[in-house]
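Each of the two complexes below includes subunit A, the first together with subunit B, the second together with subunit C.
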Partner chain A sequence: MSEQATSTATNDVVLKRLPGPAEFNPKSHSRRRRTIELSLSIGVPVALIILWELASTHEWINPGLYPSPTDLLRRTPELFSSNAGGGMWGDVGKSMYRVAWGYFWGALFGLVLGVWMGMSRLTRAALEPLLAAMYTVPKLALIGVFLLILGFDEKPVIAVIALTVFFFVWIQTMTAVMSVPSGYRDAAVSFGATKWQLFRQVLLPGSLPQIFIGLRVAAGVTVLTVIGVEFVFAPGNQGLGYRINTARQILDPGQMYVAIVIAALLGVLFTWVVRRVGRMLAPWAKEDEG
Partner chain B sequence: MNRSVAPIPRSQRFWLVLGCVASIALTGCVGGPSSASRAPDLRSDVVAVPGCENGRTDQTDLSVGRLPARCTAGAPAPQPLSQPVKLRVSIAFRGEYAAPVLLAQSLGEFQKENLSVEFVTLPTSDAIPQLSQGQLDASVGGYDLSLFNASRIGLTVRAVLGNYYPPSAGDYSVQQTGLWCRRDAFTTPESPNPSETQNLRWGSAVGKSSSGIYYAIAELKKRVPDFNGDALPVINIPSSEMTTGLKNGAIDCAVLIDPVWIDFATPEYVLMATQLPGEPLGSVLFGKSLLRDTPAVGDAFARAVIRTINTHLSGDYHQDPSVMAAIATAINQPVTLLERTSSLTMDWEIRQDTTTRMQQEFIDLDVITAYEHPVPEEKLVDRSFYEHATGRTG
Partner chain C sequence: MDSQEVASRPKISLRGVTTRFVSKGAVVDAVGPIDLDIADGEFVCLVGPSGCGKSTVLRMVGGLVRPSTGEIDLHVTDPRWATATVFQDYSIYPWKNVIENVRFGLDLAGVPKAEGNRRSQVYLERMGLGDRAKAHISELSGGMKQRVAIARALVVEPEILLMDEPFSAIDAQMRHVLQDDLLEMWQSDRRTVLFVTHSIEEAILLADRVIMLSVRPGRIVADRQVPIERPRSAESARNSKEFAELHDELWELMRREVQSQLAASRTAQEAS
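Moving on to the complex of A and B:
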């Protein structure tokens, strides 16, 4: 649609809307727009990578500090095949282990408490102020406290991740359950539904798409948190965060960039898995939900 | 409403924003020249400096209780630069070890050379890229794996001055900074056997790559010839939790710095390794600006630091209330805390092959895996600045 602005003698602007290509030929316009969007989504990263390659190989930037993408590709197999410190496989495995357990416990407690507080006004009144206050505490700052309480092994790391995940899932779940229209609940109750039936037949289907949004956001945050925690404390000296931090400390930028890319891929993969699970469990959700 | 500036067309806005982002990124990556690069002074030849007749020692001497190089108080005399120069210097953390540089500023020694210094706190590994790009002029900190790697990837950074060594290093009758272990971790707690240390759990914030772990292993190898550090169980623990871990038995040993070790100088704990005697394990690093662009400014910096040591930090300076007050102010610690430990032996010289020995140990421990032979000392160390300042070579 195009616009034409004209001025009148009294300086009032009159806006006329005329049909454009989208209206005249919607199919072709839509195809063209999709092609442009796809080209941009692929082209911009590729252009940036080419620019990075050129800048590094022509030494517009210091290749020692900013190795080229092809250098990083060459380095990657060597990092994965190295046995020193368990190699990159060991780091990936350890970070995934922490992500999986931290996410599991955080999501479990978040879901249970979120549903309970969403259904019970009294529980909400009792716990919400306390949890809301705790929500604002930077979770990474609690690593010292968890080290004191849980000792110097995997438990404090998993606890920090679980706590971070918990708050994302709890808030989203509670809000999702509360936002199920009261008319649905009233209808179920008037038909004599038990509490379990109310939950199973009304609240769960009504809130699941929103709950999975929380789970998906928490999945990304889990990877961010595990990398942050491993910067501070990584039992067994393993983990992608430990690898990134160590590479920074010993000034090995190539190793650092490779580990950062792998951490990013891990985040994308984990979020994708949660999204797929969400679509399987809540197929009635709209495309942008769950 | 009339507009005096025509709006930028939408298509051009994208390129304008992209251009701005690119220029900001490139400026950040390449960096601008430091103020040191504008100084015109030329570097003089090495000539004898009055008061510095003892300003050089045998760089291979690592004997327990060796004396450091010293000039008389006030030497070397200032040789002010022809125009004021501002330098940006990073410090890994503000501690007594950095007193020569910090006091050179607060007691006016830099000013006598027409220098003014702005300090920033930055870990050595983060400072090195900035040094190589001229965004920082100098850095004060420990020898670091990042220095070795910097040289390997062709960055212009060199260690130019040493820092300190504990005066009683190597003397186990004196309690001091070093590797402290729980007595109950040994088979015979009343007389702990140093060889058992290789089987105990050591705590470290950065694994085996710390200079503390290096010196503890090197010192234990002197006490136990067949000491094997390869299989040493090093547990990763944040620095802030190290003492807690040692107290509650999560680890058996930890390298404790001044004045943290004082709380462990009790019958339950034992000092198993001191720092290496007579050998500074830290340095002042210079980057591109002072090494290549304006070495005369680097000479002035070195002169001011060396003069500060000779004038204020020589001998048992902990007995001098004015110096202690200056240090306390510079590092933001109470004098009473500083008084709990001994004076450090400040040493501007760099012992021969310290960097080679460190690298070899890290190669043996599999901490360095990227190369098999140490980077040669001449690519890591430049002694010319203290040689110019004291007028003494080789």
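Moving on to the complex of A and C:
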């Protein structure tokens, strides 16, 4: 206890503020805390998986609907090696291809328009109401329209994904550029910065940490959207979303879970990569920002 | 124009300057009308109650805000580096290290990097930061950050140095040190300085001339030469009789200004 109340004879209360374990031995204390945090972040998922394993093998839950993790692991190589419909590799490859191109185009347009609108009031006045109205349209619902316009191949899929990514990146980038502290701008303007210098030297580095938050969120969303689109339309009948959907139709939950886990890993990996790039390009950002 | 005329020409002149801000329908008369001449090499402090338009005057001289009426003339030899400003909140960039921040104005003007570094290093030494050139901004204290900001303004050798409450966010001891540094530096190169502060004490310590503005819209209510000889140090100035007299006079004026404003807002409240 670091705080104690001692009642004395006169009924005065003495409130003590004393050093605790963290103050007596800061090094080992913080090491211990890190160890606990790390074991929790690994331990909890592992415990859940073990629980699932036990529940499934002891048939507390129906193993037909909830195959055990070891079962799933056993099936995975077979799913990857079998060549039926290109195998799992084909699905992973196709989904990654869609993630990459959809993210690329969406992020590109989002960044350009976001920076431009963040810097120019006129552009903002011209486009913001329009884009804000379109922001809430569920982009997945547009797949039908895109199919009609762009044809039945990869293009409409990439378009839906890019559009989804675009809105996340655009709004975060615009906000980030606009919220660069005015003191930073003033200093540059007072030293005679040109519009380009203001952008390159101040607005871009000043907003980069916030921009990368948008890019990171968009990275996760991209994987979600790809899976969703592939449920509805998967060119060449390939993609993790397509696999999940067909596995459901042929009542093969095992296959479904494997594909879901792979999709989740894909999302984690992609988000991690974007975060690393952000750390590299904006190392001055605070931990919680980049 | 003969040389006599050039010599007597003010460095900065404001003629009938007013500033009116219109934002979201509300109209704020911030400044004026003001007429003011500042001579070449003069150190002028602008004081006045908070919100009276001091920063706005400074920002107009620095070209960040335009006057609504009237005219401001700066008589300079090189318009590129006519003015440089030191802001209250430092406004130095966390994505640049110390020397990159100091070099900023030179970078914008296309001065080669090696040359920029050499010149920046000189001013870092003068500000006592010679060994921190490669340090990150996050490692610096508030006082050090403000030294970086001052070095950044001085390195372009502006003809007019503008300072907007540069020491108000700094603790008292560090403020005294920086005031002395500034005095020493100014006494060695006699640049024209326009320095905004809300502290009458600071104004008298530093300036040749103290100008007091009224409550908003700021007009000049007092324009006093500081009768303390140079070179001075903050220490010696603070203990002089002249300091005490001027300080009391300006304090009384400031008090009356603020009270008149309070009275006005009270009657306005009662009326509504």
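As a convention for this text, the second predicted complex is superposed on the first by the 267 of 290 C-alpha atoms of A that agree within 3 Å, B and C clash if a C-alpha of one lies under 4 Å from a C-alpha of the other, contacts with A are read in each partner's own complex, and residues count from 1 in each chain.
Following the convention adopted for this analysis, a residue touches a chain if its C-beta (ideal position, glycine included) is under 8 Å from a C-beta of that chain, and two chains touch if they have at least 3 such contacts.
This is a predicted model, so every value here is computed, not measured.
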Clash-or-fit label for the pair subunit B, subunit C on subunit A: fit
Which of subunit B and subunit C A:Thr70 touches, first, second, both or neither: neither
First (subunit B), second (subunit C), both or neither touched by A:Ala282: second
Subunit B versus subunit C as contact partner of A:Pro235, first or second or both or neither: first
Contacts of A:Asp186 with subunit B and subunit C, given as first, second, both or neither: second
Subunit A-centred angle between subunit C and subunit B, computed on Cα centres after superposition, in steps of 10 °: 150
First, second, both or neither for A:Pro205, with subunit B first and subunit C second: second
First (subunit B), second (subunit C), both or neither touched by A:Ser28: neither
First, second, both or neither for A:Ser81, with subunit B first and subunit C second: neither
Comparing the two partners subunit B and subunit C, which touches a greater set of residues in subunit A: B
Per-pair minimum CA distance [subunit C against subunit B, superposed on A] in Å: 39
Intersection of the subunit A residues that touch subunit B with those that touch subunit C: none
For the subunit C and subunit A complex, residues of the former touching the latter: 59, 62-64, 80, 83-85, 87, 89-95, 104-105, 107-109, 136-138, 156, 162
Contact footprint of subunit C on subunit A as seen in their complex: 181, 183-184, 186-194, 197, 201-202, 205-206, 208, 282, 284
Complex contact set, residues of subunit A against subunit B: 60-62, 64-66, 82, 84-85, 143-144, 147-148, 151-152, 232-237, 242, 246, 248-252
Partner subunit A, residues of subunit B touching it in the complex: 26, 29-30, 123, 125-126, 128-129, 132-133, 144-147, 149-150, 153-155, 206-207, 209, 234-238, 240-241, 244-245, 250-251, 366, 369-370
